[in-house]
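Pasting the structures here.
Two complexes are shown next, each including subunit A; its partner changes from subunit B in the first to subunit C in the second.
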Partner chain A sequence: MISLIEELIERKLGKSQVRMWRRLRRNRNIKVGGVLVLGFIFMGLLAPWISPYDPLRGKLIESLSPPSWKHLFGTDIQGRDILSRVIWGARTSMIVAFFSIAIAVTAGTLAGSVAGFLGGWVDNVVSRVVDIMLALPDILLALFVAAIIGPGLENVILAIALYNFPQFARISRASVINIKQEDYIEAAKAIGERDVSVLLRYILPNSLAPVIVHATLRTAASILTAAGLSFLGLGVQPPTPEWGAMLSDARTYLVTAPYVWIFPGLALTLTALGFNLLGDGLNDVLNPRIEV
Partner chain B sequence: MYVLEVKDLTVTYRNEERVVRAVDNVSLKIRKGEVLSLVGESGSGKTTLGLAIIKLLPPGTVLKGSIMFNGKDLIKLSNDELRDIRGNKISMIFQEPMTALNPAFTIGYFMTDVLSRKLKISEKAAKNIVIESLRKVKIPDPETLLKRYPHELSGGMRQRVLIALALTTNPELLIADEPTSALDVSVQAQILRLLKDLQREYRTTTIFITHNLGVAAQISDRLAVMYAGKIVELGYVKDIFRRPLHPYTEALLRAVPRLGSKRVEIEPIPGQVPDLANPPKGCRFHPRCPYAEEICKVKEPLLKDLGDRHIACWLR
Partner chain C sequence: MANVARYALGRLLLSIPTLIGVTILVFLMIHFLPGDPAFFLAPPEATLEEVERIRKSLGLDRPLYEQYVTFITNVLKGEFGKSIITGHKVSELLWPAYMNTLILSVFAISISIILGISLGVLASLNPNTLLDQTVMSVSLIGVSMPVFWLGLLLIELFAVKLRLLPAGGSGSPAHLILPSLTLGILGSAYIARVTRASMLEVLNRDYVRTARAFGLPEWRVILVYSLRNALIPVITVAGLIFGYMMAGAVLTESVFAYPGLGRLIVNSIFARDYPVVQAGLLVISITFILVNIGVDILYAFLNPKVELR
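Here is the complex of A and B:
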């Protein structure tokens, strides 16, 4: 079945894409990371259909019941099914991760590549702002923003996007400066390409590889930060199912009811692991020069 | 009929606070349909002259004089007007085919995209021109090549693609900057033959920049020998090879090994290319010239018109 799908995919692709696809598939980090990440993405997407119970409503008589056939992961203090909450939590984490990284990548790449391309005072302004932002510890910046604009899903997304922004700006700036010196950029000018075209058609597509790798790696960190903010009560608010908030709630029963924190903790760890493995694997395949 | 008339062109740029005159008071007329080679050692200003024609020099470079093309002075044109000429009326081929193609796209996508935007035609029409142009440069199966990425092609193939791209717009002037120097010797010969065949068929006026006299002899009609930012001798290839007039040309020819000649030793030219930030007074070649006289050290010789030949030397 799998080989049939692969054959179909390969038939659709050109020769060099097939080679890329094979290289991606041969890489063990990508395989393991990809399976984990895809698993959690599907978990989040299919949450309404696969979760056995309503994640928001529990029966108080079943409060803190240990894992059983009825509740595979047990229940929390309010008698809510933990498996269902873990499944819905995947959705929350994926939403936060996807949107915050998407915003950070878009804004960061835009600012960084324009700075790298134009140089001069534009570069100076962008670079100094980025330096200042990078000087602040990640979690502190996120905390600061969350504290000012208040908790909630959208604000968490914004806070995390903001602290990821300078990293993407710096990476794409470096990448653009590097590519600006390539022969094909001069060749592009020799065939009369406009600056905008040079940036969009020549520099950007060639400078994206390190950005993609970093985005994958930062996704893991962002999911952890989002969980951290929720743990501290500054993130997604109850009763929305969120892994960090679940861990926070479980503090009281660390010993008496370990299943309350083990499963969300495990989900969080596996998701972060998955994105990190995927990022490392992509790094091996997309940036073969820094492969040791 | 002249396609391009360069008059009193001086190119100066700053290099770490030193002012360098890379091209100094050069005048040159290029006839329609001819191949003119710019020959010289590295640092003679030949590439700078080539790039100056399409104004592709680093910011801060100052151009003086005039470059007349189609009745317009390229030096005075705005960036927008220049962009219309670049890659359209004047095309360029570069030295490094390995790195001169955008690696992000397939050959087909890249060429079609560039051409359709350049000529403001549909992608489909552009694709037809691209395929036709790839046939011109003798690529056996253009349709397959269109799906390839640059990194899948050899250096010779890439140079063919770049030549094809340069020819898609039927340029009135082609500037080829050492197009064969980065290639293997056997591939060099193929590319040179290709350029010659194309030239015979389409009569594209070409400026061919090379340090290799052998290559220049094979491809060009006329030769301009450059030394330290100046043209020292200009004339028909046959005449110059038969009887070089300028001592520098003479020395250059003696420094080239020739198959079948009785002379076994090649003679290097003594001394070094002068520092262009601080060129010698008088004739720039006089410190290395075996015939130098007093006047050569004091007064700069101008390019004299001897009919078919131009030469800048006090002694001839």
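Here is the complex of A and C:
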């Protein structure tokens, strides 16, 4: 079945794309990372159907029951099923990661490529702002935003988008400046293509590879930072199931019920590991400099 | 040498706009908050007259750029105002916390360097063996692990199961072990990966092959000829990680209830103690920027080939 699908995919692709596709498939990091990431996305998307219990409602009589056939991961202090909360936690993390990275990639690529393409004072202004933002570490920018606009799901997304923005701006600026000097861009300009269409049709598509690799790696870091903010109480608020917040709740009965904090942490680690492996693998395949 | 000094000076000058940018950002924080800044800087139980007095004394009724000049003058004098909750001078709260974070980071980076370099060298000397793959896999898991979860795991193991170390708090050297181990293990994962890559590159260089061809003992080839050169990028990365530890120790400090700067800031955010939040963020940012400059200069000093601009 799988080989049939693979054959169909290969038939659709051009010759060089087939080679790329085969290299992607052969890379072990991509395989393992891909499986972990797919598992995470699967959990997040299907949470309402696959979680055995309501993640928000528990029976107090079952408070802190250890893992059993009824509750595979046990229950928390309010008697809520931990497996269900871990599954729903994937959905929360997925929402935060997807929207924050999407905003950061869009805004960053736009600002970076316009700066790289136009040069001059536009480039100067964008680059200085990016420099200042990059001079501050991730968690600090996130704390900064949390201090101003307060906690909550949307605010976490905003905080994480904000600290990822300058990285994507810098990467796409660099690759646009590189590509700008290629012959085919000169050619496009020579036949009278307008600036906007040169940027959109020729430069942007060719500058995407490093952005994709970085976005994958940043997703791992962003999921961890979002969980960290929630752990500190500055992120997603209870009773929303969120892995970092679950770990924070569990601290009070660390000794008596280790199963309360083991599983959310494991889920976080495996998810971040998946995105890191996938990012490393994509980097090996898409970034030909490594092979030299 | 003169070159490096000139580079260091240039690097410091170049960082001035960034430093000013950060102070503007921290200064504006109070004004980003929805509402009247004077209320955020006044104690919660202040009367309207007291709020007005604070508005006057801080110059909040004057134009923004004048307020900024006042703010920056006070910062340069080391005056951050008073905590609106406890009434203590902010600087009196800040420095003990800063020293605690500094001590924690120094211990953590030492663990990272020792552990990371040993593992990285070990892996690079046996490339593509089981040992190498294990080191690389474990370090990747280390990079992916949330630091607060690692902290909980270590508490479970050393404080709950083995009863060897305190689970949190401060006051004795024993209280430092688990937090610095937590931060340090995380850093060692990065350092091991960089060391391995750097060693593999150096081991293929001509001078290493020549040293071997001359029949020098293997330990000399590795320790003197290879490692010394391979360490240059490692030192840079270690410096950057140290900066991140100073700035990002907040999660570790929170797990272990360690009275560092990050925890002070988070607690002050919850207490809406904005003078402390402002001062804390400012001090951390400046430290982070200065550490990065230091790393750049050190790199230039260690690697004479680097292009000095």
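The rule we apply is simple: the second predicted complex is superposed on the first by the 284 of 292 C-alpha atoms of A that agree within 3 Å, B and C clash if a C-alpha of one lies under 4 Å from a C-alpha of the other, contacts with A are read in each partner's own complex, and residues count from 1 in each chain.
FYI, a contact is a pair of C-beta atoms (placed from the backbone, for glycine too) under 8 Å apart; a residue touches a chain by one contact, two chains touch by 3 or more.
These numbers were taken from a predicted model, which means no experiment stands behind them.
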Superposed partners subunit B and subunit C on subunit A - clash or fit: fit
Partner chain in contact with A:Trp261 - subunit B first, subunit C second, else both or neither: second
Which of subunit B and subunit C A:Ala187 touches, first, second, both or neither: first
Subunit A as apex of subunit B and subunit C, Cα-centre angle in degrees (nearest 10): 100
Which of subunit B and subunit C A:Leu247 touches, first, second, both or neither: second
Broader residue contact with subunit A after superposition on the shared chain, subunit B or subunit C: C
Touched partner set for A:Phe165, first subunit B, second subunit C, both or neither: neither
Partner chain in contact with A:Ala147 - subunit B first, subunit C second, else both or neither: second
Touching partner for A:Pro205 - first (subunit B), second (subunit C), both, neither: first
After superposition on chain A, the shortest CA separation from subunit B to subunit C (Å): 18
Subunit B partner contacts - residues on subunit A that touch it in the complex: 14-16, 182-184, 186-194, 197, 201-202, 205-206
Complex interface listing, subunit B residues touching subunit A: 54, 56, 82-88, 91-92, 94, 96, 99-106, 113-114, 117-118, 147-149, 152, 162, 165
Contact footprint of subunit C on subunit A as seen in their complex: 128, 131-132, 135-140, 143-144, 146-148, 220, 224, 227-228, 231-234, 244, 247, 250-251, 254-255, 258, 261, 265, 268-270, 272-273, 276-277, 280
Complex contact set, residues of subunit C against subunit A: 17-18, 21-22, 25, 29, 32-33, 140-141, 143-149, 152-153, 155-156, 160, 167, 243-244, 247-248, 250-251, 254-255, 265-266, 269-270, 274, 277, 281, 284-285, 288-289, 292
